[in-house]
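In structure tokens below, several structures.
Next come two complexes, and both contain subunit A; in the first it sits with subunit B, in the second with subunit C.
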Partner chain A sequence: MALFLLKRLAGMVATLFATALAVFGSIYLAPGDPAVFLMKGRPATPETLAAIRAQYHLNDPFAVQFGKWLGGVLTGDFGRSVQFRQDVGGLIAARLPTTLWLVAYAALLILVAGLAVGAVAALRRGVADRIVLVGTGVATATPAFVAAIGLITVFSVKLHWFPAFGNGTGFGGRITHLTLPAVALALTFAGLLARVTRSSMLEALAREHVEVARSRGVPGATVVRRHVLRNSLGPISTVTGTVVAGLLVSTSIVETAFGLSGVGQLLVSSVTVKDFPVVQAVSLLVVFAFVLANLLVDLVQPLIDPRVKGAAR
Partner chain B sequence: MRESALLEIEGLTVRLASGAARPVLDGVSLRVAEGETVGLVGESGSGKSVTGRSVLGLMPDGAEVTGSVRVAGRDVLALPPARLREVRRREVAMVFQDPRASINPVRRIGDFVTEGLRAGGTPMRAALKAAEELLESVGIEQPRRALRRFPHEFSGGMLQRVMIAGALAGGPRLLLADEPTTALDVTTQAEVISILTRLQAERGTGMLFVTHDLDLAAAVCDRIYVMYAGRIVEEQTTDGLFAHPRHPYTAGLLAATPRLESDEPPRGVPGRPVSLAEDPEGCAFAARCRFAAPGCAAERPPLRPVDGVSVACLRAEELVHD
Partner chain C sequence: MTAVALRRRRMLRRLHGGDALQTAALIVLAVIVLVAALAPWIAPHDPNGLDLSAALGGASGDHPLGTDESGRDVLSRMIYGARTGLLGPLVVVAVSTVLGAVVGVTAAWCGGWVDALLSRAMDLVFALPGLLLAIVLVAVFGPGLTAPIAAMSIAYVPYVGRLVRNVAVQEATRPYIQSYRVQGWSGWTICLRHLAPNIAPLVLAQSAMNFGYSLMDLAALSFLGFGVQPPDSDWGAMINNGASALLQGAVLPALAPGAAIVVAVVAFGIVGEGVADRVAKREA
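So, the complex of A and B:
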């Protein structure tokens, strides 16, 4: 178990280093000169541009720049935002709670709706299954921004049930302000999880041990819980891990649509103005979330299926 | 014997939903007395497994079923679900063919053995205690530790012992064994059979032993039913069946078994079994029968008593095979 964890952690570090390199390097492949941007359209003499380049270490060789940046990241210093003239770390920290609330809320919706809808489709074949297939098809195909517009139109403008804008304060305020964004965010992935749950449960249902359990006088609900749902958890947990990590990316759309000041919105505004330090930091955060989610899923797999090697005791 | 029948199947006919030409089971009747071991032998597709499963009330999805399956006097096909579950927990239990597929791979051995007991309301502690004793009685070493282990840590033979323990957990009066050793290799087959028959004798449990292997059935059973194309074609005591098979199909099966003591090579039954898509008008075996007379293809022979045995053959009186 300890060795398994150690190996996984080493893999995690390697992944993070590689992505840090890619994230940092991709900025240099993108068109546009940050120094020019910093002048904000004002005419600049070559001398001022050179001065700016020197100030932001833009003239150093790539390896040196990367080294400096990485060293900063490791000590929690992500550099200064060109746009806000503030520490990137502080900018993200201020916006992270809203984003994490949104992601957690959406993840909860995805899990509850996805599992319930998928289970209903798998267990009640026929009409229910047909409806779920069409419904999840539509849900999966609806982009978050379309869902956002639709939800705002119906529930904010027409019905006045939920606010259309802003973060909200306090627990209740957050929940009311984040409900529509969370639904918009969850829709696609809940559809996806419902489909995965459905097919995974159908596969588990066809297993012989399910009928064997029934033949031994175990009540139907117990059979579903212990032999069908339990055995279909593998694919469900894998997809859930990836989806929840991916939510961090999708928040950029939803936060922009609902005017939430979160990390996603910060990313969007930073990309448009080429605020490289912020883009780099947020990208790294997203990758970190993916790596973490994968690690959790890998740690959970042996508990779900004892035949998976790893944490076996 | 007639009064004390533990299992009594009468005129069981099962038609599949998906429009097969002939029923999977066509008027099957059989009985197992208290403590008796009865074989049900036939080729794959003969309907023997469907018959075995019907005793637990397990029918193919959407099948059209007529006839009755009485266990200790109660028709399992007509029982409400709660009563059917009770019969499954206490009266009848099945040893399935493939233990690897029949035992949930992600749950512990103890979970499997105690599942039926706990569904019946036995407290966990008592159920585990019973399971430990059962595992010991089927020859699992360190039964207490085995309860905590997972199926993939056991060999096929050991897992089939676990299955037997699980089947015996509810103290059933009738055991169904559906090809219980087919998935095992030969040496473990013998062990599993001896455990099964020993425990069955100790507990006075009746058994319906479903197999395609006539010799295995002979080694285990008091009486044997032979099935062909969804019907019982012959029924006799094991000794009688081997000495004087009355149905040409039974004779064919016996001749098809390789024997050490005989110099003759085994002769297979020519032709192939009747598929569900075909519904021959007369005797289903007529097309493969060496003794088929013109009348055989026209008229369906009923199962009738001939010289103290039951056989479904028009020419049963004239033909005695050996």
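So, the complex of A and C:
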């Protein structure tokens, strides 16, 4: 187990290092002088260009620049935003709560709705199953921004139940402002999780030990809880990991659609004005969370199903 | 004549497997492709024709889906939008399928360190969300369809590559491949002439689903303003434009292209799943 953990951690660090290198190096792929690039095409005097070169260490060799940047990142210093003229770390920290609330809210919706709908479809074959199959088929095909448009139309414009824009203040304000974004964000992934839950539970239901439990007169609810659900948790947890990781990217779409000032929206606005230090920092953060979510799933798997431990690579 | 008709019908049945849902999905896809191909002839108006006096007009006889905030005909823009909407995913799927197949078969055939290297590389790309990769590339190379398509083409390689590798590893141990080896055929010939055709249906199923997903991703990037640039019409970009008109009560400019995206993606999903189901049945 310790060796497995060590291997996974090493893999995680390698992935992050490669990402950091790619994210940092991408600025050199851009046509033209990085200093001019960092000026976002504004006319610049030679003095400002020199100042920028000094600020971003552009006169050093690439490896040294990368080392300095990585050293800064590791100590929490992501450089300064070209757009806001502030520390990137502070910009992200100010927007992180909104994004985390949104992602947590959506994750909760995904887990509850996905598991419940999938379980209903697996246990009640027939009409309910057909409805769920069609519903999840449409849900997984609805991108978050289309869902956002639909939700705004119905619940903000027509019914006036929820606000269409803004962050909201306080706990209640946050909840009302984040409900529509969270639903829009959750829809695709909930559909996906429901499908996986359904097929995974159907597989477990068809197994012999379930039939034995039933024929021995174990109550139906107990059979489902102890023998069906537990056995189908493996694929469910794998998908949950990918889903949570995917949320972190899709949040930029939803935040833009609903005018929420979160990390995703910061990324989008920074790309638009080519604010590269921010793009680098947010990208790295997203990949870090992505890798972390997958690592957590790998760690949880042996707890759900001890047989995985032996098979761990 | 009858023989030809019969053969054609059998071909159709092979295509849709006799399932009504499959047939419907295939018809929807055919209609979308036709609309995209015939856009200049069937669009009722110029997709970029401004008419500020008719801005945000509702559905009428002249404009079946109304007009957007600049008075452009929504239906015509949607018809032209089908072109960019299909072309982008087509490139993504073609590139990622070919690259994924090459990487997957190479990894499975060579095994050993080649397999380890290629598999680790695919894991690495898999760890990077495609949307993020596209956003970073847009930051570097500027908005437009090139950067998103390039990013998505790379991001979808592992989806195909992992599948191909796993299937090819199983396939390579089967007697027919082994006997070709014993007979002294070269690896190239066996892979191209015998291995590839046998795993093609499964890859096709995955690619059909990838088409839908990449359509969603590219539309999302256009929605963010990173993909198709105005005045070119694109479903994602139209939703971005229409979002502001939404609060003024004009819902069609945003909802109509949204519905088009959902219908197209659902159709691709059904077709992909149908092919995958039939491959699974054949294997069983």
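Miscellaneous remarks
Everything that follows uses one rule, which is that the second predicted complex is superposed on the first by the 276 of 313 C-alpha atoms of A that agree within 3 Å, B and C clash if a C-alpha of one lies under 4 Å from a C-alpha of the other, contacts with A are read in each partner's own complex, and residues count from 1 in each chain.
Simple rule for what comes next: contacts are C-beta pairs under 8 Å (C-beta built on N, C-alpha and C of every residue); 3 or more make two chains touch, one makes a residue touch a chain.
In this text, all values refer to a predicted model and were calculated from it rather than measured experimentally.
After overlaying the two complexes on the shared chain, residue contacts for A:V271 are found with subunit C alone; subunit B is out of touch. After overlaying the two complexes on the shared chain, residue contacts for A:V291 are found with subunit C alone; subunit B is out of touch. Of the two partner chains, subunit B is the only one touched by A:E208; subunit C is not. In the overlay built on the shared chain, the residue A:S26 is in contact with subunit C alone; subunit B does not reach it.
In the superposed pair of complexes, A:S250 makes contact with subunit C only, with no contact to subunit B. Residue contacts after overlaying the shared chain place A:V103 against neither subunit B nor subunit C. Of the two partners subunit B and subunit C, it is C that touches the larger number of subunit A residues. Comparing the two interfaces of subunit A, the one with subunit B and the one with subunit C have no residue in common. By the touch rule above, subunit B contacts subunit A in their complex via residues 53, 56, 58, 84-90, 93-94, 96, 98, 101-107, 111, 115-116, 119-120, 150, 152, 166, 170.
The part of subunit A that touches subunit B in the complex is made up of residues 207-209, 211-219, 222, 226-227, 230-231, 304-307. Of all the residues in subunit C, the ones that touch subunit A in their complex are 124, 127-129, 131-132, 135-141, 212, 216, 219-220, 223-226, 236, 239-240, 242-243, 246-247, 249, 251, 254-255, 258, 261-262, 265-266, 269-270. The touching residues of subunit A, counted against subunit C in their complex, run 15, 18-19, 23, 26-27, 29-31, 137-138, 140-146, 149-150, 152-153, 156-157, 164, 245-246, 248-250, 252-253, 256-257, 267-268, 270-272, 274, 276, 279, 283, 286-287, 290-291, 294.
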